[in-house]
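Okay, so subunit A shows up in both of these, paired with subunit B first and subunit C after.
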Partner chain A sequence: MEASATTRLHQEVEASIGRLSTVLGWGAGYDPLHMTPLFVRSPEDIARLVWNPLCVQNLTGYLVKSPGVQPPEEGKKIGICVRGCDSRSLVALIQEKLISRENLYIIGIPCRGTVDIRRLMNESGLSNIRSVRIEKDLLIVDDANGAHNLPLERFLARRCLRCRHPNPVIHDVLLDEPVTPRTTAEDAYRDVESLEAQSLDQRRAFWSVELDRCLRCYACRNACPLCICQNRCIAETRDPRWLTQRVNLPEKFLYHFIHALHLAGRCTECGECERVCPMEIPVTLIKEKLNQITRDLLHYEAGLDPEAVPPLLTFNPAEAGI
Partner chain B sequence: MSKQVFIPRDSLNQALERLSSKMNVWVPAASGSNKCGSEFVPYRPDLIPLLNRQTTTPPKAVVFPQVETLLSYEYTKDPDNPSRVKIQLDDTSAGSPTLIFGARPCDARGFLLFDQVFTRGPFTDKYYRDRRENSYFATLVCLEWDSACFCSSVGSGPTDMEGSDLRVTPLKDGYLVEALNERAEPILSLMEGDVPTDAQQQDARKLQEEASRQRVGNVDLTRSATDFKGRFEDKAYWRAMVSQCLSCGVCTFVCPTCYCFSITDEMQGLKGERLRSWDSCMFFQYTLEASGHNPRPTRFERYRNRVGHKFSFIPEKYNGMIGCCGCGRCIRSCPVSIDIRRVVENLKENACVCA
Partner chain C sequence: MRIGVFVCQCGTNIAGTVDTEAVARKALEYADVVYATSYVYTCSEPGQQEIQRRIKEMDLQGVVVAACSPRMHEPTFRRAVERAGLNRYMFEMANIREHVSWISTDKEANTRKAMELVHMAVAKLRFNQPLFSSKVPINKRVLIIGAGVAGIQAALDCSDGGLDVVLVEKNPSIGGKMAQLDKTFPTIDCSSCILGPKMVDTAQKENITLYACSEVESVAGYVGNFKVQIRKKATYVDWNACTGCGECVQKCPSRKAPDTFNENLSNARAINIPFPQAIPKKATINRDYCLHFTRGKCGVCKKICPVRAIDYDMQDEIVTEEVGAIIVATGYDLFDHSVYGEYGGGRYPDVISGLQYERILSASGPFGGHIKRPSDGSEPKDIVFIACVGSRDASVGRPYCSGICCMYIAKQAILTKDHLPDSNCYVFYMDIRSPGKNYDEFVRRAQEEYGVQYIRGRVGKVYPRGDRLVVQGADTLLGIQVEVEADLVVLATGVEASSGAAELAEKLRISYDQYGFYMESHPKLRPVETNTAGVYLAGACQGPKDIPASVAQGSAAAAKIQALFARDVIETDPQVALVNERTCVGCLKCIMVCPFGAIQSKTLRDGSIKAEVLASVCQGCGLCNATCPPKAIQLQHATDNQILAELNTLCA
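So, the complex of A and B:
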């Protein structure tokens, strides 16, 4: 399955590269488990493109963050590979006029979920991995102790287990047959709900322990395709100075809630913030809560309709939800 | 006094307990019940030291905290003449004896560079010096490495004990702990271990020899200074190598050798503190000048700085020392899996720079 998906991706990009200045996709990284974003700029690069459940990065941020992808040459477009979640980020960026749809050639990939590589390494006892193959629902890993058949399902990332939009919501070409969503909109907030079932003290203890481990490395912010303030982020500016350089809990708490509040009604739950956190803090949960509120109060789900206006980007005096 | 002891696996906590009554003891432990990673934490009796894997973050913060107060100050106004303001400063620093138990060669090695920067130049940083002089490293012979490790590529290796005070060799049913210098001997006595049997000593030697023959990392990154200079202006090279970089600070914060810092005054009312905090060359504010100009305006220049600093400027300044200990944390923690080995290896003129 993996081979054929990658082959189809190669064929698709070969057919379209004449009209594209760059294609954003994934390629092999430093070992067989790790893929890295790949910027295809010439036909020779195409063979290095890969698509499989180890392709974990959301590539859409490169379109808007400096010095990202060069603007397309006259008459050309930028090609980008998107899974369902990534396509929602694209929609949000289009809505906010940060990118224009006309400049994009969107290669949509229906996605069955991506692997939580950290958990895979931790729970499977793998060491010195030599090769990885994906066959149907199995990850076949060859390491120092021989071949291991690992069920993909067991190692899917949390964001994928709660995914309800595995199929790209916008695309110019679709690489595969659409897949059945894993959850419904009702089930998508189970993790938030189970946290909320705890007492206030328990929740405070939970977040104190989790957020206290934050390094303020800002990986969560920089990996977020919708965190677009870049060099003007108030987490770092000294003028105005909202946060000090201290690394105590209040500063970390404030930073994460600034991050989340700036994404209210915008976050498309791609889960990159949580994936990239070196300290494994479940920071997407905060954004999930805000999205749950947005859904319940404003009946809006981010990143689905390029024509829609996100509720917090407009003002309606007759707003009924609040 | 015996220079080596054997600590049976099930008495490790008692030994650490005895040590922690006399000094601060830091050990690697799981980051949480539902976490994959581990980190160095102060020893507690209920803690299970996790000695079979590298920690997510190195023990850098034990000796060089992420934030420290350099001085605290307070202004007082003269009630008779409010235009007169007195300022009081307190810049005391103190270190207390601290043992980092279960570090790995790469963890301990990071401080060799810190020593150069903070204690060997024309000025001595007393904050660092006071903690460093009071720090002891009990370092494991490393038997666990993965595809991101490359200590042998930077002139170190899994049995490198430079910068360590005690060597800990993990055996089947316990640990052989040896003092490597005089100052470590009192620590060894405090552990109150058994006298190692001949068989245990032999097993330990065998393990050390086997580990010392391992080559972790298959490239040589120790002679890249000239290559770096050749690539300095090569914009296409840096674009090809690090277009993926998100400019976050993970690589620098998990790095045992990254020492760049920022100094800020955090003031409220008439009182304040001058803080030193970890900086990162990946951040926009790094080298941002008061005029608003930044000589390293984009992530390409910033990543170039990271590579140049570690593999060119530091070796030139400190007699060939590489500013990288090969722990691989920057590779492992990078959100987009950038491989610094590849970036340095490809500096060579004829290397393929396809990206």
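So, the complex of A and C:
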């Protein structure tokens, strides 16, 4: 089905590229396991676009962060391929007026999940993987030894296992039939809940071990489409001096909690921070906790309604739940 | 920086439970502190001179005073360091009285905490910068919200002082609750006879612009320069044309509209002038009862109006007024006694509120001043007054004393005896609160000269027996249960904040207490000011008040404004937000959260977008700073670095 989706993607972009100055999508990377963001600017590049479960990057950050896409030419729009999670980032960026809906041509892709590539690479018995596709509950991996039918659940990224919005919440065109969400809203925070079931000491120990591995490489921040401060990030400025460059646990804690708090009520749980972490720290969990609080206290879920105002980006003395 | 630390003993207020000498000695160890001492009364004249002398002698660049709350004496000490040549913001105060010596007797712990607070103040001071205020001109016009007796008094006093006044009243006529009263205690003079001339004056003053039937829609700006939007509600009568002749009222076929001026004891027409002395004396159509609006036909008033003032298509209109100061005089509402099931929950027509009885007593009231029962129009013989209905009763959320009820029932009982000498009046009371001038004498007169029977105790139940009512209560002085059969029961309904008080407070950015009464800046020393500069309070909106107190506060608010307007310019507070353009990423979340509309965006020459604070509009609340992800927007005198310095000191 991915092959047909890729074909449909090609057809769709061919039909619309005349009206678009750039199309953001995914293309083949340096090996068959790695797809890479692809900026399509001319018709001959369309054939390079792909869609498969290895298309893991959230592309929406390129709309607001450098190096990113140039503003659209006069009378044209920017095309962008979005999965369900990416579409929520778009909504958040539109809400915050960081991008304008009118400038976008949104190619929506109902998504059945993306692969945790590191887990797949660690799977023994696979060598020289050629392609990966999803069929029902199976991940079909073609490698040097032929096709392997692997249980999908084992290789999906954590963000995809807890996905409630696999279908783009905004789009101009939808490439496929909508798919059924993998999780209900009630189950969405089970990872947070199971962590919270532990004692305070256990949790402190958990985070101490996890966050102590942090390198302060800021990949999590850089991959986040909503973290737009870039080189003005207070993790690196001296004025105001919230953080020093000292390498110790308190500074790492503080960095991650500032990062999470800046996303409170905004984070759409696309999971990019966790995906890109070279140390495999489950950093999205912190944001999930804040989102759980936002849901319970303010009855708000980020990135669904472009007209809604995120609860922490307004001043309303009559706010319910406070 | 060369810092001097002055630890105040405040007599024994601080020194009693804090070792101030030790605090001063310890301060000498802190970075940049070159001088530290302890002094008996630092705020006194010699204390201030000592600070100034040391600034000069020791070449101090910053001063810390550890004393009382900065709300008490920060301005005092700022002026003191300024006199010695320092910028007033090169001063910090550590509160070791309210936060330390007054709350614990553990001298050792107190001393330790005082040391830490002083250390934090020193740490912050090291990051302080001189700040300078700018001057903006004052618009010498006053907005007064509410035209009851307090608002009217304030308007007249401001007007007499030569100020332009904008007076906004939500009802069709000014006069407020006082216009509804029959007589006033303790002199029994006629309420409308003493209020009427003031109302007429208000209408005739050329420098008073009256908006009746209007409400404040929004308030922007700051002291000296407020911009106020006023919603003129559609009355469906062109008030410029209407002469108040009342022909339309007489001919209106819709006769079932509620007569709110008479507390719904009678009915009004759908087109109505609330009372004969109304100011402005103009007709208003009640849309819910007008046949033109409810059935789409009628038009009698339009046909007969001699000046063609009726306009069924009228819409609400928004007008904008610019003023320099605001007086809030929105008054009170009467407690809704229907929550008391034991008094009938509003079901018995002859159990009425104090204000309803006031209307019954009034010659302009529903019964022409003859005391009659609402149920059958008969003359009552036995009348029971029940005090504290909706006052001093935590079970209905009104634990406070309304202050006026004891007096008005005494007055009403006296008037009842005047009207009906053969009647019997009973008053069930908890305590008698009559602390005003000639007030207690007045209550004694009711008891002694007029023979009103005062029974100390609460009423447990009122229930009907035949066409009369039985009042069951306790006489706690005799220790017995009593039962009085009455023809009429008057409840001394208490005072509560006027409906919509909270919404107006949000618009004005003033605070209110849990009952909705507006908070004065200081309960004793600043009873007229609010904590929002340029906004003042008058009358019962601040708490239950009688007429003399309301009038006094109206005059006081007017005097405050005269003092404010005695200057031509006003100094702005430099403790506002400021954008560091180098780090601003132009996400403009600050604009989204600013409650005051004080931030706008601007585009630099390189095309980048930055936030910009309008310093004169900013109130320094800090929401933008909390929201700004790269912390490019900083609140002056409470910058992140200053706060972090304090925290790092405390946590070090």
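Heads up, the rule we're going with is that the second predicted complex is superposed on the first by the 296 of 322 C-alpha atoms of A that agree within 3 Å, B and C clash if a C-alpha of one lies under 4 Å from a C-alpha of the other, contacts with A are read in each partner's own complex, and residues count from 1 in each chain.
Note that in this section a residue touches a chain if its C-beta (ideal position, glycine included) is under 8 Å from a C-beta of that chain, and two chains touch if they have at least 3 such contacts.
As the structure is a computational prediction, the values presented were derived from the model and not from experiment.
When both complexes are superposed on subunit A, subunit B and subunit C sit side by side without a clash.
Contacts of A:A47 after superposition: neither subunit B nor subunit C is touched.
After overlaying the two complexes on the shared chain, residue contacts for A:I234 are found with subunit C alone; subunit B is out of touch. Once the two complexes are overlaid on the shared chain, A:I140 sits clear of subunit B and of subunit C alike. Of the two partner chains placed around the shared chain by superposition, subunit B is the only one that A:Q245 touches, whereas subunit C remains out of contact. In the superposition on chain A, A:N122 makes contact with subunit B only, while subunit C stays out of contact range. Legend: residue contacts after superposition of the two complexes on their common chain; A:K97 is shown touching subunit C, with no touch to subunit B.
Look at A:A223: by the touch rule set out above, it reaches subunit B but stays clear of subunit C. By the document's definition of touching, of the two partners only subunit B reaches A:Y30; subunit C does not. Measuring only between alpha carbons, the smallest separation of subunit B from subunit C in this overlay is 7 Å.
Counting contacts by the rule stated earlier, residues 230 of subunit A appear in both its interface with subunit B and its interface with subunit C.
Residues 31-32, 35-37, 39, 56-57, 66-67, 144, 146-148, 243-244, 246-250, 252-254, 262, 264, 266, 275, 277, 280, 283-285, 298-300, 331, 333, 335-339, 341-342, 354-355 of subunit B are the ones touching subunit A in the complex.
Against subunit C, in their complex, subunit A makes its touches with residues 96-98, 227-230, 232-234, 237, 239-242, 262, 309, 312-315, 317-318. On subunit A, the positions that touch subunit B within their shared complex are 29-31, 34-39, 44-45, 48, 57, 61-62, 65-67, 118-119, 121-123, 127-129, 209, 213, 215-219, 221-223, 230-231, 236, 238, 244-247, 272, 275-276, 278-280.
Residue ranges of subunit C in contact with subunit A, taken from their complex: 506, 580, 583-585, 587-589, 592-595, 623, 627, 629-632, 634, 639-641, 644.
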